[in-house]
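Dropping the structure in here first, questions after.
When the chains are written out, they are named A, B, C, D, E and F in that same order, and each has its own residue count from 1.
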Amino acid sequence: MNVILKVSGKFFDEEDPAKLLALKNSVLQLVKEGYRVGIVTGGGQTARKYINLARKMGSNEAFLDLLGIWASRLNAYLVVFSLPEVAYMKVPESLEEFIQAWSHGKVVVTGGFQPGQSTAAVSALVAEATNADLLVVATNVDGVYEKDPRLYSDAKLVSRLTTTELKRILEGSQSVSAGTYELLDPLAIKIVERSRIRVIVANYNRISKLKEIIKGEEVASIVEPA
Amino acid sequence: MNVILKVSGKFFDEEDPAKLLALKNSVLQLVKEGYRVGIVTGGGQTARKYINLARKMGSNEAFLDLLGIWASRLNAYLVVFSLPEVAYMKVPESLEEFIQAWSHGKVVVTGGFQPGQSTAAVSALVAEATNADLLVVATNVDGVYEKDPRLYSDAKLVSRLTTTELKRILEGSQSVSAGTYELLDPLAIKIVERSRIRVIVANYNRISKLKEIIKGEEVASIVEPA
Amino acid sequence: MNVILKVSGKFFDEEDPAKLLALKNSVLQLVKEGYRVGIVTGGGQTARKYINLARKMGSNEAFLDLLGIWASRLNAYLVVFSLPEVAYMKVPESLEEFIQAWSHGKVVVTGGFQPGQSTAAVSALVAEATNADLLVVATNVDGVYEKDPRLYSDAKLVSRLTTTELKRILEGSQSVSAGTYELLDPLAIKIVERSRIRVIVANYNRISKLKEIIKGEEVASIVEPA
Amino acid sequence: MNVILKVSGKFFDEEDPAKLLALKNSVLQLVKEGYRVGIVTGGGQTARKYINLARKMGSNEAFLDLLGIWASRLNAYLVVFSLPEVAYMKVPESLEEFIQAWSHGKVVVTGGFQPGQSTAAVSALVAEATNADLLVVATNVDGVYEKDPRLYSDAKLVSRLTTTELKRILEGSQSVSAGTYELLDPLAIKIVERSRIRVIVANYNRISKLKEIIKGEEVASIVEPA
Amino acid sequence: MNVILKVSGKFFDEEDPAKLLALKNSVLQLVKEGYRVGIVTGGGQTARKYINLARKMGSNEAFLDLLGIWASRLNAYLVVFSLPEVAYMKVPESLEEFIQAWSHGKVVVTGGFQPGQSTAAVSALVAEATNADLLVVATNVDGVYEKDPRLYSDAKLVSRLTTTELKRILEGSQSVSAGTYELLDPLAIKIVERSRIRVIVANYNRISKLKEIIKGEEVASIVEPA
Amino acid sequence: MNVILKVSGKFFDEEDPAKLLALKNSVLQLVKEGYRVGIVTGGGQTARKYINLARKMGSNEAFLDLLGIWASRLNAYLVVFSLPEVAYMKVPESLEEFIQAWSHGKVVVTGGFQPGQSTAAVSALVAEATNADLLVVATNVDGVYEKDPRLYSDAKLVSRLTTTELKRILEGSQSVSAGTYELLDPLAIKIVERSRIRVIVANYNRISKLKEIIKGEEVASIVEPA
């Protein structure tokens, strides 16, 4: 079974070795049990730092995005170097490179690919190209909420929804958390729909339970392609 | 002045050496006058042939897109090899490669970059990354029409419009020509808006008048970022 | 056992998914039985289309050949993307790249390498570099004929011959089919002779019987190095 | 005249767009006046952050160094993207890549090359390979001091010294500032000695006066090869 | 005017700095006068040493050829590093790489490309791809002789001949010097004929007179395509 | 168990197929028994020949070193092509490339990486990056001697020493053999110390007993990190 794991850049901002070790151990466990695993890392605060600096210097949007991509690759190398026994030891810089890397049977870790494209979209592309059964989006909330949980204390987690419903939540409401949008942007949704990839949104604080998340035994939102 | 030229794959389907020579001569003229020129080629019939074959064999969508991309690169090489004095002699395979190629001062010709992305989006990304003043989209109609000119004999060419108006035409109407959508998809529009790139949609049968098209002296539609 | 399979460009011109699936299944069967398989694809009609266009535009011979090579690589990618479980997911662009790709234990699929060189010669070079026991040349006739079977209804298939005899047929006769020459050009013959590689020429319409062809149980011509 | 500029990672830690713009303008000025400029960037706080995280996860020293190198490349890209008109648009990843990049006549910006090697050593190697007349080391102090200026208020800047004297200061004293050692490590000194490269150590807060620093008209230490 | 210079591997076997400096100075002179120059180096004794060793270890012919190619690249780097102001600083490893390198306007130096192919053939391919007017073959004899000058004291240099005559000399006589064959093998002749490239065979001891050789003012054989 | 083997360039100067076969067989034996093996080759006489020529032509030190590195890569390819069944079929050109190559589970063979750095240092870097348990340095003496055995007939082999003692021998004595210094230069010692890698110095004439050397059952010097 092929699983792609998207890890939010915020995960790396916490600079918490325990969480990184939990990620490492969960991946090693999955590999041991015969899963094939791909990982896509966001850029987080390192990306924002460089983008802000360059913006103040008058850089164009493409170059800003590229700085964010290089920052996400730095996060990817941090994961790669923690998994030397099982990882492909280079961070691919395009989907074509990812596909080649993947064919070697290793865990492949990548950051962004291209300006104008979120790492969420990258993870969907990667899931499609590897015929993955599942895309796990690990972020700093427990899943998809109907309302922004940071604004509304009564906001409820939606444990099961379709991509159509997800789009309605994302588009139809002002109160949607900004973080949610990051989870699956329009290109990502288009890809998971056209290739019928199931998505699970979960909290990266539960990354030590990655196997349970995959099996649907942990708190999370499961998004089925419409 | 930097100009990016998107050439529809249909241009190559016509297998007309005269048109290719017109393209070559127009590019040489622009270069001689000090323009910097980038070219993005579509995949056309060659792309469709390979995609259809692979689809019947059960290939995933990412691989189908990649076959289309490789076909568009074949068209790109046809252009490259017609311009050995002024072209960068390799077709870049990602935006990062394009940026490097561009910095050598040559005409850079590229096909697609990545699955999930039209060559129209590629041309917008390339225009943004090169700080281009203008993106010329050369296709098989004279510009943007309010209604599909193939269905309505009274359809009028819109000679000037904003990206907002273009989006309304693209989304609001069933009768919009399929070809129009190819011109500028949502990602392409997002890019030209965020980087304020002017777009001119013109007929590739007028490619010998490329300079006049750029100057706004030929039949065409000019799309300004909203 | 290592086998290199040269597939004529005409095979792809037929745009027949059934034949492509037969190729796929035969390769998967061989891999399953422990064979190592390399595949070299010709350029066919796609190559000719681009070469003709470029010739009319005045391109030099090296660039014409390169367009043919890029077309053959498109055919190679079509095969690659039909075999994601067993193929090396990049088409090598030189013999050195092929050798590296081969060492990963995968099915490696390649098109042409270099101007001035047929894909038949490429297949011989690849067979030599991989210490292959056998080079199978799959084409649109049943094997090597003494006379051109399209001109002479009494032309007989030669089921066993030496490279010396093959050269005599190729050089000594005007009536030799043009297609035959494509099978093994002088460089290809030089290579199979110096490295003593056995060649089997067979009809690609029998590709579903690839294993039988290899075992000498199908209609074909077997060419032994002199 | 060829000049290599080593910029301390601390320069980037300050996240000060004004300083980055000063660097950009100084480089543009030098280029305009006919200098060839190469830039080597340190990793700074970003490097330390990733190295610390990986060390806590048990990574080997080579991987720690590689994370620092990737961080320094991120700083290099920040500089590259601020100089699109004059820079080589890829950060070289080895001296061989640097040499190739340099031959295109552009400003080449690089981070680290290899584990076990400081970016100071990289800048010396780059200076040697480009036959540079001068290596400018821009750091957070005004030059080389006999004693650590942070401990001794009477520490004096040495405005002129030989590499032999520099080595004596670095080795013979406990009170030498840790920062000084970073300036020129043993490999860097070996290189500047064997190729007789003059080194100027200056404060990066004076980077807007880079031309004056090069001409010896600003506060700085000039180190001559022994 | 584009000129390709093939330098025999024997030139490097002599380990004569004076000859290498003569080569360097002749190339610099040509560049100064506006010529574009490409150089192809043979492998010489270094190639033979490694080939012999590997043959005794049972290596296949493709690997033997590759060792010879790597040796020829070492000779190419020796030339590259002697011309840092004007040379492309990487030795291309295929014709496609050569073409890209060439488009940068530099002197490009290459060794062999591929097993089964002489460096003479490489030089013809390179001449064709660069639309060169002339291919100069610098070797250890003064040109093409009717008989082997080492066996027959009355052997005469042929100052002008066609490729047809050259082939007759090469094929029709046993007494032809082995070295002659190295000059232009069948693939090389095929290329210079199809692209109508003039060839001059001259003694590398006259390399300081390269300009005169090119102008036909030095002892040499001029071979015109038939 | 991971073992890195550094083979002196002198080994290749002897041009002795028997020794090369002994190396091949020892490596195959180790692989068969489950060892992972990396090999670093010196440049030897081939390196010196090219360096001397280039020095006489006035090349800078970086280019001289690069010629030596390319010569060492030629030696590396000789080893690679003798081990096609188990070797990674490309010689890595940097530590990053080595790490990627290594992750494929093959025997990886490399020459030098970078100017200013001995192949001994390369072997230490490689040992560190691969978490090797052992670095075997195969040279033309039996191990480390207290005095130069070529000058003092009573010089004794030191069968066990620390890196501190090794440094004392290397630095404190004039009579130390030049060859010894080549074994482990300061960077190499720094690396083996910081990563606590055990080093065995042995005679390459005993290479057929590589397994015994590794087990400490052959004449050799064992150097433990201080």
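The working rule: a residue touches a chain if its C-beta (ideal position, glycine included) is under 8 Å from a C-beta of that chain, and two chains touch if they have at least 3 such contacts.
On a predicted model such as this, the values are computed, not experimentally measured, just so you know.
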Going chain by chain, each one touching the next, work out the least steps from chain A to chain D.
1
By label, the chains that touch chain A as well as chain C are B, F
Farthest from chain A in C-alpha centre terms, which chain would that be?
E
Repeated interface matching E-F, over half of the contact pairs identical, chosen among D-E, A-D or A-C:
A-D
Farthest chain from chain D, going by mean C-alpha coordinates, please.
C
Roughly how far is chain B from chain C, going centre to centre by Cα mean, in whole Å?
36
Which whole number of Å gives the spacing of the CA centres of chain A and chain B?
31
Centre-of-Cα separation between chain F and chain C, whole angstrom:
43
Averaged-CA centre spacing for the pair chain D and chain C, given as whole angstrom
55
Give me the residue numbers in chain A that touch at least two other chains, ranges are fine.
63, 66, 84, 96, 99, 104, 131
Line, ring, star, complete or other: which describes how these chains touch one another?
other
Just spell out which pairs of chains touch, all of them.
A-B, A-C, A-D, A-F, B-C, B-D, B-E, C-E, C-F, D-E, D-F, E-F
Chain F residues touching chain C - in the complex, by the definition given at the top:
84, 87-90, 104, 106
Applying the document's contact rule, which stretches of chain A touch chain B when the two form their complex?
60-63, 66, 93-96, 99, 113-117, 121, 124-125, 128-129, 131, 186-187, 190-191, 194-195
Under the definition above, what is the set of chain D residues touching chain A in their complex?
15, 17, 20-21, 24, 46, 49-50, 52-54, 56-57, 59, 63, 66-67, 70-71, 73-74, 77-78, 81-82, 84
Chain F contact footprint on chain C (complex, rising order)
96, 99-100, 102-104, 131
